[in-house]
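Some structures to go through are shown next.
You will see two complexes here that share chain A, one where it goes with chain B and one where it goes with chain C.
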Partner chain A sequence: MMLQFLVNATTLGAFYALVAIGFSLILGVTHAFNLAHGEMLLLSGYLAYFLGKHFGAPLLLILPVSMLTMLFAALCLERLLRRVPEPHELNTLVITFGLVLLLQNAMLMAFSANYRIVAPETGPGQTPSSTLFLSETQVLILGLSLAATGAVFLLLKRSFLGKALRATIQDGEAARLAGINVKHMHLLAFGLGGLLVGTAGPLYARTAYLHPFGGMEATLIAVILTIFAGVGRIRGLLIGGWILGLVESGTVLLLGTNWRELASSLILIALLLLRPEGLLPKWAKTRP
Partner chain B sequence: MTVQVSHIFRLSALAASFFIGFNLLSPPVLLARPLRIGEINPLTGKLAKHGQEIHEGILFAVEEVNKRGGILGREVQLVSRDDQSLPEVAINQTEDLVYGVGVAGLTGGYVDSLVGPISEIAARHRVPYVASASLQRNLTIGRRNPYFFRVSRLDGIVEPLCGFLTSQLRPKNAAVLFSATPGSSEFASEMRTCLKQAGVPVSTFDKFRPGTSDFSSFLMKLRMERADVLISGGFFPDHLLLARQMKDQKLSLRAYLGPWGVAYPSFIEEMGSASHGLFGMCAWNPGITLPGTEQASEAFVNGFRTRFAKQPNTTTMHGYSSARALLAAMEKAMGKHGGVNGDALCRELRSLDLLLPMERLVFDDNGDPRYYRQVVVQIQEGRMVTVYPPDRATGSIVTESP
Partner chain C sequence: MGEDKAMKRVRTPTRLSVALLSAGFLLFLGWPWLTARGGIHCQAMSMALFHGCLALAWNICSMMGAVSLGHTAFFGLGAYGSALLCHYGHLNPFLTIPLGGILGAFYGVLWHIAFGKLRGAPFALASLASVEIPKVIIDNWESFTFGSLGVVGIPPLSPIRVGSFMLDFGENPVHLYHLFLVGTLFLCLLYRQALRSRWGWAVRTIREDETAAASLGVNVRRTRLQVFICSAFLTGICGGVYAHLMGLVEPALVFSLHISALPLVLSIFGGRFQWYGPLLGAVVLYPLDQVVFRSLFPVGHSALYGFVVILTLMLFPQGMGAWLQKRLHLASS
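Up next is the complex of A and B:
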């Protein structure tokens, strides 16, 4: 039973991390507070839902289509936000809030107010033992989340491009003076963010329900985890996601479902008071 | 400039003479001022699905009356407002309908957190309000509001469900999960009392916030506590997630019961074969109607399909029934007094006796419907089969777990 609890909690945490990485990367590099992150995730989820339901497309095909579509959407968003005057952070907040309303109503017209979900697999799921139940979705979430987090981590840590991105996260102006093309870094951050949203969206359609007004929950997860981890801290996001998953799942198991939000809020407040720089220790501050 | 002014003058004179001539030649019904009723529903936001369903039911009822020539020759105009699934917006929109538009009566509303504030404004301005979907007891019993009526009541859900559980299912160990909304919380505590009185232990009694997407730990708890029946007071999307996650976790229960949200064709469509065996409740559905109203029910289904190109459901029927009540009261008030005002409408609503596909609609002293009673249905191979009460059953229970 303990093993089952750990599997459920880490799957939940890994999914939280996958939802948050794109948001955190964009915020870190461009300082754009993308409130429409959840709506983009929903769009990707709807795309996966319709491709699966009406064309019978397998997830292996849905994933690249969704990633490319969201890459295009994120690059369009970057073009839009590039024109936003100073103060950039505040203005991007206002613009993306407008975008939230626009996307919500567009989705309402396009997909109706019906709740959608990718129906569960009817065949036998992955069951390593008689006491541990591991569904296909859980395997996918764990696998894709670890792969995406690992890939972004390696990109930031091991490549020259990653170094440039990290420099832009730390200080955009200094990076510009050092000869880094900050505009290209912004484009790259949005591009990566779009690919990550395109990866998370089809999984979102399998774990949560799709509704035109359901995006704010996902944005909140991304914001909370970014505060947990510190902006642009990829390892911190994964660890933060797992802590949040463990706390939420443990609270439900021990105290009841209604204590879940209270427990995660308390953790968040405590963290903001005790470790305002994020979860990871200070020596890891310059690392992704 | 002079040319322009004289041109505008000539055009205005032509338009005015055309308007006067048109009105003189038209039948008198077009000259009569329309009767206005207001409707507040969550047409956008989280509850938009059910808000739109109620809206379509109300619209259908109003169009039906207008097709028959209106009420004593006066057209009924429906003024719709969207509360965006937010109580504060519901308050603003109701005030606009009452002050700005000057509606004769109000209808619509989904969930008590939205219906409650509307009912208070209705009472303050003496405008009758017939709510389409409301359950919370203290809206009627605890606090007398003579201007508030509704077409549904909690007892109409709790009593048949309790009867079904204690006489048919007889769980060994039940779990109750409910949403943090007034109606759902009240429902859950009623169910716990009912089960305890029948000697059924309730091992889990958990509340969750609407919008919760992960129930895996809750389901683990059910497995640990060996619950065999889960009564879930969540709504449509919560059932989607719970049923999905139960399937993923291979949790076998004797019965999963969701009074709100399972007995919908769209739920069956979304869940596919995973919906097989789940229990839900409804007051009406195409093919599930009050005995003696089969023809009216079929006419409603056919008319609705022609108008909206889709199938109505139990929520649509709640909207239709509430509008029918308000329109019938208006017709009676117009017949007696030649006009409508809040107090006259309330008097007529209190003396109303309507046979509708969903219920025989008679309001008690508190404004609750006297005969509202839902049936328990089970989804069997994509169809809703009524399994309780016995006098309305169309099939028996199948035992496969969801």
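Up next is the complex of A and C:
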């Protein structure tokens, strides 16, 4: 029972971290609040749903298609947000909020308000020990999330490109002085964010019911984890995702599903109050 | 900001703007007779005025620089407060609506206590998250609030007898329209006078530079508290009126992202920095959505609002009001 709970919470946490990394990278590098992050996740979820349903495409084919589509969408978003007038962070927040309204209603128009889910191809698999119940989807989520997270971690820590990205997160002006093309870094951050969302979307479609208005919750989770860990800190995001997964699963277990949203909102408010600098740690120092 | 530009000009009412204002007033007064009385256009304009009030209430916060994404919390609390008082206490709606507004204002005080240090984007996020608290509590407290089923059978606004004339707001859409028109005009004038007062300048100074405002002798904490209370109280009243208009409230209806978004979109489109901006946005955009877009796209017609807010911020960050003011100034000089 306890082990089962831990496994479920860990899977959820790994997935949360995967959703949050894209948001956190975009915020860190370009200082743009992408409130439409959850809607992008939903869009790629719907894409996976329809590809799987109408063309019978396997996940191995769906994943690259969804990743490329979201990469394109994220780059379009970058072109839009690049021209946002000052004050940049508040205006990107309001514009992406407008984008949320636009996308929610467009999805309502296109996909109707029905709940949809991608049914697992085979029945839930059973591990040798009969007490632990691990479905194929869970293994898939845990594996893919950790793989994608690890890949981004290696990119950031081990490559020259990652070093440039981290420098831009720390201080854009100084990075520019050091000869880093900050505009390319912005494109790269949005591109990585799009690829990660494109990976997460098909997984989301397998675990949760897709509904046009369901994206805000995912965005809030990304925001919570980003405040907890600070921008662009992969290990912190993983730990935060795991804790959030534990807290949410615990709330559902103890109080029921209705209270889950309250738990995440209270955590968000508490984090904003306790570390209001958590969202933008580097700006506070460099731009008083 | 546009404020310093506007300050350089001497603000005297020009003949043209007076003529435009009075023409607009006459148009609104006669609107029910110009269109089919009580028809869809009259009802759409009533609701446009209602959303204009909602946008005005939201814009008080925005004038101070606090862009909120969570005003539906006040709206829902006002709606539930008024509905439950009517349900349990059998009081007159005109008494319970202000009481619902007070409940909203109470939540505004909590905002001030909890979010005192937050500004800009973190404030917007916190306000967005704060909606879930009353929503989830009302959703789960089934013995008192009837949970997700909502409260049904809320009485409409009670009729008022003036001499021999009966003003029946529940039955006659034209009377309701004129009630909203009077309420909106009153609120608009109050808002205009408040902004031109010492207090109004203090509020806008806080938006431009908080440190400078404090050094000029503005009590920033107290002004913030007053702004939150005013904005939350008025939004709560709008929520109460909405509950009696609809006849039912349920958590998903009154605590929705849509209600948080509408005043923001209308204010930004109409002009956040003018006193008439939110109302202008409401009377232009809301009927456009309800009359034109709704018949074209029955599902998802609200996408218009998202589209408008993106376009306005990219092309005219100051909104329609500032653009109009510039035209008027050029035309009259």
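Brief remarks follow.
Operating definition for what follows: the second predicted complex is superposed on the first by the 243 of 288 C-alpha atoms of A that agree within 3 Å, B and C clash if a C-alpha of one lies under 4 Å from a C-alpha of the other, contacts with A are read in each partner's own complex, and residues count from 1 in each chain.
The rule we apply is simple: a contact is a pair of C-beta atoms (placed from the backbone, for glycine too) under 8 Å apart; a residue touches a chain by one contact, two chains touch by 3 or more.
Keep in mind that this is a model prediction, so the values were computed, not measured.
Of the two partner chains, chain C is the only one touched by A:Glu89; chain B is not. Contact with chain B, but none with chain C, is seen for A:Thr207 once the two complexes are overlaid on the shared chain. Contacts of A:Gly98 after superposition: chain C is touched, whereas chain B is not reached. When the shared chain is aligned, chain B and chain C each come close enough to touch A:Leu108.
Of the two partner chains placed around the shared chain by superposition, chain B and chain C are both touched by A:Asn258. In the superposition on chain A, A:Gly179 contacts neither chain B nor chain C. When the two structures are aligned on the shared chain, A:Ile269 is found in touch with chain C, with no touch to chain B. By the touch criterion defined above, A:Gly56 reaches neither chain B nor chain C. Counting contacts by the rule stated earlier, residues 104-105, 108, 112, 213, 258, 261 of chain A appear in both its interface with chain B and its interface with chain C. The touching residues of chain C, when paired with chain A in their complex, are 67, 69, 114-115, 117-118, 120-122, 124-126, 128-133, 136-137, 139-140, 257, 261, 264-265, 268, 297, 299-303, 305-310, 313-314, 317. Across the complex, chain A is touched by residues 44-46, 48-49, 51-52, 85, 177, 180, 206-209, 211-218, 220-221, 224, 236-237, 240-241, 243-244, 247-250, 266, 270-274 of chain B. Contact residues on chain A toward chain C in their complex (touch as defined above): 33, 80, 83-85, 87, 89-91, 93-95, 97-109, 112, 213, 216, 220, 223, 258-259, 261-262, 264-266, 268-269, 272-273, 276, 279. Within the complex formed with chain B, the residues of chain A that make contact are 1, 4-5, 8-9, 11-12, 104-105, 108, 112-117, 119-122, 125, 127, 133, 135, 137-138, 207-209, 211-214, 217, 248-250, 252-253, 256-258, 260-261.
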